[in-house]
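Would you mind keeping the following structure in view while I ask a few things?
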Amino acid sequence: MKRVYSAALAVFLLSVFLMSCSRNTASEEIQPAVSSPSSVRMAIAVDPDGLDPQMSASASTFQVTSSIYETLVTVDENGNIEPCLAESWTIADDGLSITFILREGAAFSDGDACDAEAVAASFSRLISPSSARSQDYSFISSIEAVDEKTVRFTFSSLDVTALARFAYPWSAVVDTEHAASLRTSPVGSGPYMLSSWIPQQSLILERNPYYDGECGVDVVEFVVMSDMTSAVTAMRNGQLDIIQITGDLVGLFGGDDRFTIHALPTNGLQLMAMNNESEGLDDIRVRRAINYAVDKDALIEAVWWGYGEPIGSHFPVVLSEYTDMNGKYSYDLERARELLAEAGYGEGELHLRMFLPKNYQEYVNAGQVIADMLRNIGIDVDIQIVEWAAWLSDIYNGRNYDLTVVGHTGRLDAYSLLSRYRHDAAENYFNYDNAEFDSLLDAYSEETDEKKRTEIAYRMEEILAEEVPALYIQDPIQIYVTDSSLEGFRTYPINIFRMDLLEYSDR
Amino acid sequence: MKKRSISFTIGIVLTSVAVIISAVSLVFTPYDPESMDIYNRFQGPSAMHLLGTDHFGRDILSRIMSGSLVALSSALLSVTIGAVLGIALGLVSALSPKRISSILQRIIDALMAFPTILIALVLVTIAGKGILPSALAVALAIVPVFSRLVYTMILETKEKLYIKAAVSYGAGWLRIAVFHLFPPMLSRLVTQFTSSIGSAILLESSLSFLGLGIQPPSSSLGMMLSEARSYVLTYPYQAIPAGIVLLLIVLGFNLLGDGLSEVLEGGRRIRHG
Amino acid sequence: MGKYIAKRLLASLAVMAIVSFMAFAALELIPGNAALIAAGTEGSSSSVASIAAELGLDRGFLDRVLLYYKGILSFDFGVSSYFGESVSTLIGQRLGVTFSLAFLSVMLAFFFSVILGSAAVLGRGKFLDAFSRSVVQIFSSIPSFWLSLLFLILFSSVLHIVNVGDYVPPSVSIRGYLSSIILPVAVLAIGETGPLLRLVRTSMIRARNEDWYRIGKVRGISRMRLVMAYALRYALPGPLTLAGSELAKLLGGTAIVESVFALPGLGRLFLTAVEMRDIPLVEGIVIFVSFLVVLMNLVTDLILFVSNPSMRKAGGIRL
């Protein structure tokens, strides 16, 4: 008897030992369970993929790094360029260079000055061949630290959209002295610095002591909550200050004065891409028939609970160059059937494979609804849900698909947004090929007259709306719920948050 | 034997109902289980839709019916594959020399330590759609159960006198296995087979829950629950019907397995693990 | 004895090598890699190649495998390609959660099963016996993910009793810790009670049929004493072994419950690692978990060995 007990005791002790070992690692982190007035807790669905903005392409990363690092310029909520690390700038008359004057007193969170040399070093890293972004910034031919506060960028070719490229979060200035460890120990000149990060649990930012600007809150905690149910429950129990929700959950917060609901159109769009080279879809009549067959209002209602602006072309409604192209192919089953018959496809004769990325429930849902709508005109859709990694490999890069539903984040200008439709672009997973469109793209990037440039943008939008290389669904409306005493929460046309602008009115 | 087994009775009733419903779904469901009606989604039970409609306005009853068919057929498939492989492996490892048998045991250990999710992912990616890939993944998880059972049972019987007699008469190992070792094991195997169907259904539905099972628009009970998960706060009812049906089907096979062991083995031997 | 342990540990190394190689092969077979994930749909195509080079993905398959094993020999499990953090740190951070879940739920299930099982078999009431048999059947038929959903609906959305998705380590607040893990522990414990209670029942029935038990009864030894001093001793080793191997199984098998309750445990980390094609992290977790499984099986076998002299003689430990 004793032996059994002592054996059981041994297991127990071993377990307690193992538990206490692991507890020690957790206890190093301080977790404020309840928000104090100077801290804000926000739920995020996925972790950043490391905290080096130049090494990432992920929205979840930029939403965090935008508080740690600064870009030379930034944007307001309408997309207008504003000063950030640079307090002013001059664009040369020929458009082939920009000179930035840096803000007085800018410093990295380790105390080093963030001067012209540091900026030049950071951009040299960004454009070096081993950088993930080298191609995006290949138009920069030289970077020169003129004096302590002045940096000049010289361009090899004219690109009228160059200034905006210094606002994107991946162009943030990093402290290159810590280049190797930025992914886990970021050093930037932004308002906050990393305090702790336990992946899949929480990421805590505290004030950067060397930041000279104002901040309404001292501590920002991003709580990783992959499941929206838990985030909503925690929000309603008062444990969180900001969450993002889906349309079906709005009713849970409406009419409760503890919360403010922000439903804001974003700079992004969602579409069903069609492979313009696959059998059937290479016929414009079939692509048009598909556009006629989909009831976008019903689709947006079914998947996004009506929170979305229908679009008719590859252009987000929030950008100034947007034109409404919705009227081109409004829901018309008769017309859809006719076009399909003209193209030579009778009932059930067209078979299309649709691949949907598993990680994005909204796209999986949208795909199923569209497939159901396409069945109405006799198109047989075979759905396969694939992992995101497999989607990127086989669909996006491999282009082995007929239909897929996905979203794109917007850019600040039409060129960056639409260059993926260039016939030889690596990102052209539509396999779209239109010579006129390609030449319009070139014309846009070299046109210095803003009015003419806008006209070119209109024409490009129109071509896509007519030739429908994809079914353009909507510009999504993102819904955030914040604590009603929290002020200054806004969304921006690029993937950033301005945590330094948040403050509590009263608590 | 005299006492009728209650487990057996309840088990046979539940499993027969499940089989009948799935069979019926082949020829009749109240609605097309795949057709959507977006403006009539999230309805509660009514005369029109006995169990209500789901997030796309599809009829839940119809989806449960065809989902049960998926659950039963894929479980049957996976347990059959798993049992055949497991029995073969158990036989070989029990009858072969110690060195080979210990290598086989290590392979089984590795199989058990290897995450089922990864196996399922590989199979789904390679073998593609349908019930086969996830059924294979489940089958691999079932192999060790049978191989271990056969292995220990053979070790028990191997020492029996009639086997030794057969060996001394010069009978081949295949003959011994088929005519002497196998028959006494049959009832245990039948029992194990039945209750393994219950576990296979559970495992398949958890794979579906993680999105590694059958692909939409076809329905499986696990997938229905996975879809219901998004609406736990707003439409909690969505998670109820498919879950109860899943529970009852699994319970049915577990009870039937237990009942069978009582009936076949006269209730003397009690199931072990 | 020492030789036995050494032999078992050696065998476990072989198992771990097989398992880790299988994981490598699996990740090689499924499409997609970490560089594609990092570049996403908004990165430029040139980024894929440079990120792949950075992560060493441009090398051949066998090259990478050998390099990895070389690292392992010096206990270097590499850096997660997704999080950028070292694999051992990431696993260390998760261990507490998963171990809490596995350990507490198996303990709970074990004590519940022993008490209910012995009371049902050795007690007088017919009701208790029927009750325990129903518990076995129903508990082993409930899908754990469905039960998790039901608990979520009931406790956090209807009753607002416990918090979900906000894991609090015990070092911060014991109450917060318990509140954040009580539901998942209950779900897992219910799943574990099925097989454990079944085994306790069969062992107890066997104890009841033993001669010494009958003789003890005839000699008038109190029922309580018979159970506590003799029957338990006779019947416990089996369930104890099962509890050990279930514990080991749970250490690698709490993924679903962790993801439904949004707990930062090993299982969820594993799901993310596979999704993100984070090869070092997948390998690290697979090796770690299979090591734990092998270790737990060894420990429980040793306990049996020590606690039951007859097994020692019969050489009851299977190798």
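By written order: A, B and C. Residues from 1 in each chain.
In this section, a contact is a pair of C-beta atoms (placed from the backbone, for glycine too) under 8 Å apart; a residue touches a chain by one contact, two chains touch by 3 or more.
Computed from a prediction, not measured in an experiment: that's the story for all the values here.
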| item | value |
| --- | --- |
| Chain pair showing more contacts of the two, B-C and A-C | A-C |
| Chain whose mean Cα position lies farthest from chain B | A |
| Euclidean distance of C-alpha centroids - chain A vs chain B, Å | 43 |
| Length of the line joining the C-alpha centres of chain B and chain C, rounded to whole Å | 22 |
| Centroid spacing, where centroids are CA-atom means, of chain A and chain C in whole angstrom | 37 |
| Residues of chain C engaged with two or more neighbouring chains | 30-31, 152, 157, 260 |
| Residues of chain A engaged with two or more neighbouring chains | 229, 233, 387, 390 |
| Where chain B touches two or more other chains, by residue | 121, 125, 229, 232-233 |
| Of all residues in chain A, those that touch chain B in their complex | 228-229, 232-233, 246, 248-249, 251-252, 298, 301-302, 358, 361, 364-365, 368-369, 371-372, 383-387, 390 |
| Residue ranges of chain B touching chain C (in the complex, touch as defined) | 7, 102, 105-107, 109-110, 112-115, 117-119, 121-122, 125-126, 198, 202, 205-206, 209-210, 222, 225-226, 228-229, 232-233, 236, 239, 243, 246-247, 250-251, 254-255, 258, 270-273 |
| Contacting residues of chain A [partner chain C, same complex] | 1, 3-4, 7-8, 10-11, 14-15, 18-19, 21-27, 29-31, 33, 47, 49-52, 55-59, 129-136, 183-184, 197-201, 223-227, 229-231, 233-234, 236-237, 239, 359, 387-394, 396-398, 406, 408-409, 426-427 |
| Touching residues (chain side chain B, partner chain A) in the complex | 34-36, 38-39, 41, 55-56, 121, 125, 128-129, 211, 215-217, 229-234 |
| Residues of chain C touching chain B in the complex | 11, 14-15, 18-19, 22-23, 26, 29-31, 133, 137-138, 140-146, 149-150, 152-153, 157-158, 195, 198-199, 201-202, 205-206, 242, 252, 255-256, 260, 270-271, 274, 282, 286, 289-290, 293-294, 318-319 |
